[in-house]
Amino acid sequence: MNYPVWDIPFLGNGLIVAIIAIIHILISHLAIGGGAFLFVAELWSNRQSNGGKIREWLHDYATYFLVYTTVFGAVTGVGIWFAIQLANAEATSLLIHQFVFAWATEWVMFLAELTILYLYYYGWRKNSRSIQTFLAGAYFVISWFSLFIINGILTFMLTPGSWSLAKPDIFAGFFNPGFLPSLLIRSLFMFLLGGLFSLIIASRVSEDDFREKIINFSVKWVIPAAIFIPFLLLWYWSTLPENTVTLVKEGIRGIGGGRLEAITRYFWLAITSGVLIVIGTAIVAIRPKVVSIAGMIGLFMIAQFGVMGAEFFREMARKPYVIYDVLYSNSLWKQNSLNTDYMKTPYLEKAAWEPGIEPLSREHGEWLFRLQCASCHTRNGYRSIVSRTENWSGEFGYRWFLTMHESGVMPPFQGDDYDRAALSAYLVSLNGGFITADEILKKVEPEQSPADTLSLGEMSSGEKQP
Amino acid sequence: MTYYSILPDAESRLHDHSKLFGKVSRYILRRYPVWPMIDHLANKVVPVHKHSVWYNIGGIALFFFSVQIITGVLLMIYYRPGLPWDSIQRIVMEVPFGNMIRSIHHWSANLMVFTLFVHMFSTFFMKAYRRPREFTWLVGAVLMGMTLIFGFSGYLLPWDDLSFFATRVGMSEIEKAPLIGMWLADIVRGGSDVTIDTIGRFYVLHVMVLPLLTLAAIGVHLFFIQVQGVSEPDSFASLPESRKRYRKYFTEFIFAEIPVWLFLGVLLVALSAAFPRELMPEADPFSSAPEGIKPEWYFLAQYQLLKFFPGKLEMVGLILLLLLPLGILVVPFIDRAIPANSRGRLVNRIGIIALLGLIVYTLWGWLS
Amino acid sequence: MTDLAGIYLSIISYVNLPPADPLGYPVPAWILLNLSFLTLTWHLLAMNFTIGGAAILLFTLVRKNSDYRGIRHFFGSGLPLGVSYIITLGIPPLLFVQVLYGQLFYSSSILVGSFWIQVIPALIIAYSGFYYHKFKRQERPRWQWQIIVVSLILLLYIGYIYVNNLTLSMLPEKWLPIYSDNPAGGVLHHGEPTVIPRFLLFLSGAFAVAGMALIWRGTFLLRWGYQDEGRRSHSFGFKAFLLTPMIWLIAAGGIYGARPEDVAMMFAASNTTTTLLITGIISGLMAGIFAFVSLNKKKLIYPFVASWGIFGAMASMVIFRDLVRQTVLSPYFKISSIPVNAQWGMFAIFMVSLVIGLVLLIVLSVKVFPRMAEMARERFDGTI
Amino acid sequence: MADSSNTDGSKRRFLWILGGLGFGWLSAGIYPVYKYLSPQAIPDPFGEDGRALVERVTSAEVIKPGMGKNGAYGGHGLIVFRNQNGILKAFDSKCTHAGCNVEFQRDKIFCHCHGGTYNLEGKNIAGPPPRPLTELGVLEEDGLLYVYRLGKKKGDEVRA
């Protein structure tokens, strides 16, 4: 509303956020789980007869870990931030202004964990065992706290709890209902990743017995997740808004004109990946001798797909909000949406970012689409509006905009009849149809003529009479 | 009643008596003494070299095929050849997870075709078709052909306007085949045009005839491989015995591949989550054809090539098309020298040209 | 003044500036400002070290002179760390600028969105390039300088995008036409004459910082008794250092040439600006002098003072820059106009964790650095 | 010796005959299966009066010049339209290139599959089609349209 909408054709700004996020989430969790792995492996190696050899291998692990997490992890992390500024400035601004010092604290964690990681890695050969172990431990603890912080902000977006614009209590928002289950799930998941990543590095070891030793050590990291995540998921599930729950359940049979609803599909993607990771790890545990690099990378990539499923689920679970019950995905404030006058005023009067176009022209519809729809829908790409409005008539759209909010996945429409007509005409034109806003208004004229409403009134009154 | 005794050397390789697994295996082996087979299989090895990765592709294709069987059977439960479109519509709209099963079937089919192409070309460039493996190669070629027919017949079954007109176009290409063209097309269609009768034929072909034939052919293909062992590329064969490294086929090679299959399983779910198979409006044999009629990608190359031979010239195009399968069939008998001689290298070059041509034309047809 | 106000009013009439965030500032603005000044200066130091270092590394790679092997190795292994600190130290200033100037910054970012997002892939490629150089230098000597060229160009490109975006964020009157022409944010550099000089101004420090790093290195080498390498490092570092004032003069001249009356107005408006300029120049000169003094000496104090000089110069430039922004924006937007809903609790947590964190890092570094020095020394015993 | 070779020869001959017979019987046995699979002859779309009712199109829908529509007759597709001179025209809609159904577009007849184009006389003027469309005679009777094979005696009588 207040900000321009970054109108990226075909991809759409939402998908760009998703792509960066999916890459980042896997790496950022690995960055913590791997830290834990390094720490525990240090301790373990101290108690092993061939500890030196293990540490040689651990250096291998650390090298790949360092490059992978710092280059791709850190940069994509900033990338998400960049992308959400562009995709939804209003929400980003709110989050930043509410949580700026939470983020600043997280940044202190970044600075510390990064520096410690470098001290750990570059001091490898010279540092005493105790210092190395301490550094690894410190790295793990500090990086886990960075997760602790960002987890609060992320869960806030889906379940703000008792936080409200009127009473913006940061701690209520931070320790929201979803906070704890999500934090625990993420923690177990990151251990799992630490183990899977180690399997990849281990599969490069040529010496059979040693490889087997490492693998037996690594597969154990999957066990906690395998046991507890199902229960934690149930807990997390119980904290979800019930609109979300219905969406997923209905999705199984395909609501909204068929097609298994996207949110359900992605939910099942996440579940499937979880199951297959456990199976795969079990197989590796049974036959540690035969791991292949391709296979272990495959196993790790399953986790990547799991993240993809979970992330799309999390994104869609917020529909139609970006911050649940506070701000709609298209930057319409919930509180404004309750104000009928605000909603009914001609959109062009409110829109700051339209270049003074004349009403009922095609541009009118186009700019309505850009400013109200383009934050989620592209014309013919991701969440294509064309495929969603294929067999629309101008009048249908005109009427549907009034009720679309009731579907539970769309924000309410802002604007008057002219706006609805203009947008509907634009969407029809995108599908190659030809109808102008005026024609639509003419067609629907009779329904709105005072005569009609009058007769309706009579009928109802007639019924009242005994 | 008499039991066969278990050979002592075999006994030594069994799990000990206490373990359940050991008990069961003894129980069975006393009755069915299949030791010779087990020994034979257990001694199977796969050479380890920098091209070994290509040995996995066949297994991957097999994985996709098994996915096809499972999802296919599930789809058959609701599919009605009498009401093709409506029953698919029901699967998509009403049956829980119907669309996911259908999408997985769709994606697995495409990936299977793709994998087979990779498998075929990798075997080709590793020259695995040479004596004594000519017939393993030929059976493989037959499998490739049957898979393409699988795709073609399955594409019609939803009976939406895209698949209807695409099939009509495809059949009209068959019609153009010299001499038998018309006759063949009519037999396949069960008439001079694609009708509901055609569904009957394609359905039986797709869910009955082809699966049986394919399973049989796969059996033969694998049997040959088990008898002869995996082929070794010249670079490996020329090594001194001391420097040749091998892995056990079943206990190591297959095991190492399982995680890859799991990954592909997730890939299928991910693809069908991100790109579920759409169902177009029901086919109407009388209305004008919709825009953007194109065959599946694995027929695009032929389709694109034929565009260059309009009208009378079409015959030339068809003959050109026949060259590729023909070459595949005869190559084991014209290029036999081990290690490869000048002719072998020539064949390789031709193969590269064919591959590039295939890729270029497919992309071209896809973009145009 | 009055006539100016008149002009401003006429501008405001068609400028559409998004309203400030409903939550207001979490602490009084001066705290945010100072935090952003401090962290931005750090960020610029890391940025200058990396870019200057990359340029020097490139030079040493192209001139295949075996004397440069030490310097090559120094930057070869140092640049990845440089990039990683550019990123990490870049976070807080970006955070605070979004709190202070959110509605300006977000709008301009969206208007150049398609470039703004390119920062991410560009950064990944540049970063990987440096790591590739670090790990593969010995194995694959080919393609080394080409890779560094790519990385360097990408870093400069990123800097250019930043300057563009932040310049645009100060010119709300340009926004609406830009957006209506290009809603996908696909246009950069909207004919604002000061963009290039501002870009140069930020880069001017590069050679000073990288050169200073070499001088530090040289001093340590001298202390360990590696005369030749130490002197080489010193002289090379100082030569590099001397490039800075030239670039700075060009940049400053460019800005004045582009907007003489505005610059004049800046200095007329308040003498803070003048003071800042003078402080900056003085500390810059101090840095130069002490850099020169520290040549071929083992004393740590000289490079120490010189480094503080650089820090002072940078800091004053950063503050000056913000004053410019506030002055230019004054017709549309005043920091004082934004309400403060203080979150002292959260702020306290931040300050405490910051202090603890810094102390921890310093302690650990003190424990580990000597050992790293040992390693460095051993490398020299093995003649690199 | 001679005997044995002789018996061999006779045996071979015998086997040949047997084989031949066997093949004969086999093909005889397969014949029904072949007939079973081969398509039944489609009935002539035109009734004994030589004309077929046009489904999905009424004469009202092609009343003005420039109006046209896809329809069906006796299980085949067709297009009916009235050209600028007000004359009704009908063509079998099967494109002569790849058998997609063509579409009437005011000034031309177009096939979406491969962009084959015909003029309003059914002549192929652009794109891949090798032959013109097969034209059908068309006539209206109390609001209904009928088509008949051109150049047919009966058809002419009907017209008269």
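Each chain carries a letter (A, B, C and D) given by its place in the written order, and its residues are counted from 1.
Quick note on the criterion: a residue touches a chain if its C-beta (ideal position, glycine included) is under 8 Å from a C-beta of that chain, and two chains touch if they have at least 3 such contacts.
Quantities reported herein were computed from a predicted structural model and do not represent experimental measurements.
Counting hops only between chains that touch, subunit A reaches subunit B in a minimum of 1.
Taking the mean Cα position of each chain as its centre, C sits at the greatest distance from subunit B. If you tally contacting C-beta pairs for each pair of chains, A-C comes out on top. Distance between chain centres (mean CA atoms), subunit C to subunit D: 77 Å. Once the centre of each chain is set as its mean CA position, subunit A and subunit C turn out to be 32 Å apart. One inter-chain figure worth recording: subunit B and subunit C are separated by 58 Å, centre to centre, where each centre is the mean of the chain's CA atoms.
With touch defined as above, subunit A holds no residue shared between interfaces to two or more other chains. The multi-chain contact residues of subunit C, meaning those touching 2 or more other chains, do not exist; every residue touches at most one other chain. Looking at subunit B, one finds that none of its residues touch two or more other chains. Pairs of chains meeting the touch criterion are A-B, A-C, B-D. Of all residues in subunit B, those touching subunit D in their complex are 165, 168-169, 171-173, 186-187, 189-193, 197, 285-293, 307, 310-312.
In the complex of the two chains, the subunit C residues touching subunit A come out as 16, 18-19, 21-27, 35, 80-81, 84-85, 87-92, 94-96, 98-99, 102-103, 106-107, 109-111, 113-114, 116-117, 119-120, 123-124, 127-128, 131, 135, 175-177, 179-180, 183-185, 341, 343, 345-347, 349-350, 353-354, 357, 360-361, 364-365, 367-368, 371-372, 374-375. Residue ranges on subunit D touching subunit B, taken from their complex, read 37-40, 42, 55-56, 70-72, 76-79, 93, 95, 97-103, 111-114, 128, 130.
The residues of subunit A lying in touch with subunit C in their complex are 2-9, 13, 16, 20, 63, 67, 70-72, 74-76, 78-79, 81-83, 85-86, 89, 92-94, 96-98, 100-105, 107-112, 114-116, 118-119, 122-123, 125-127, 131, 135, 138, 165, 168, 170-171, 352-355, 370.
Partner subunit B is touched in their complex by these residues of subunit A: 252-254, 258-260, 262, 265-266, 268-269, 272-273, 276, 279-280, 283-284, 287, 289-292, 294-296, 298-299, 301-302, 305-306, 308-309, 312.
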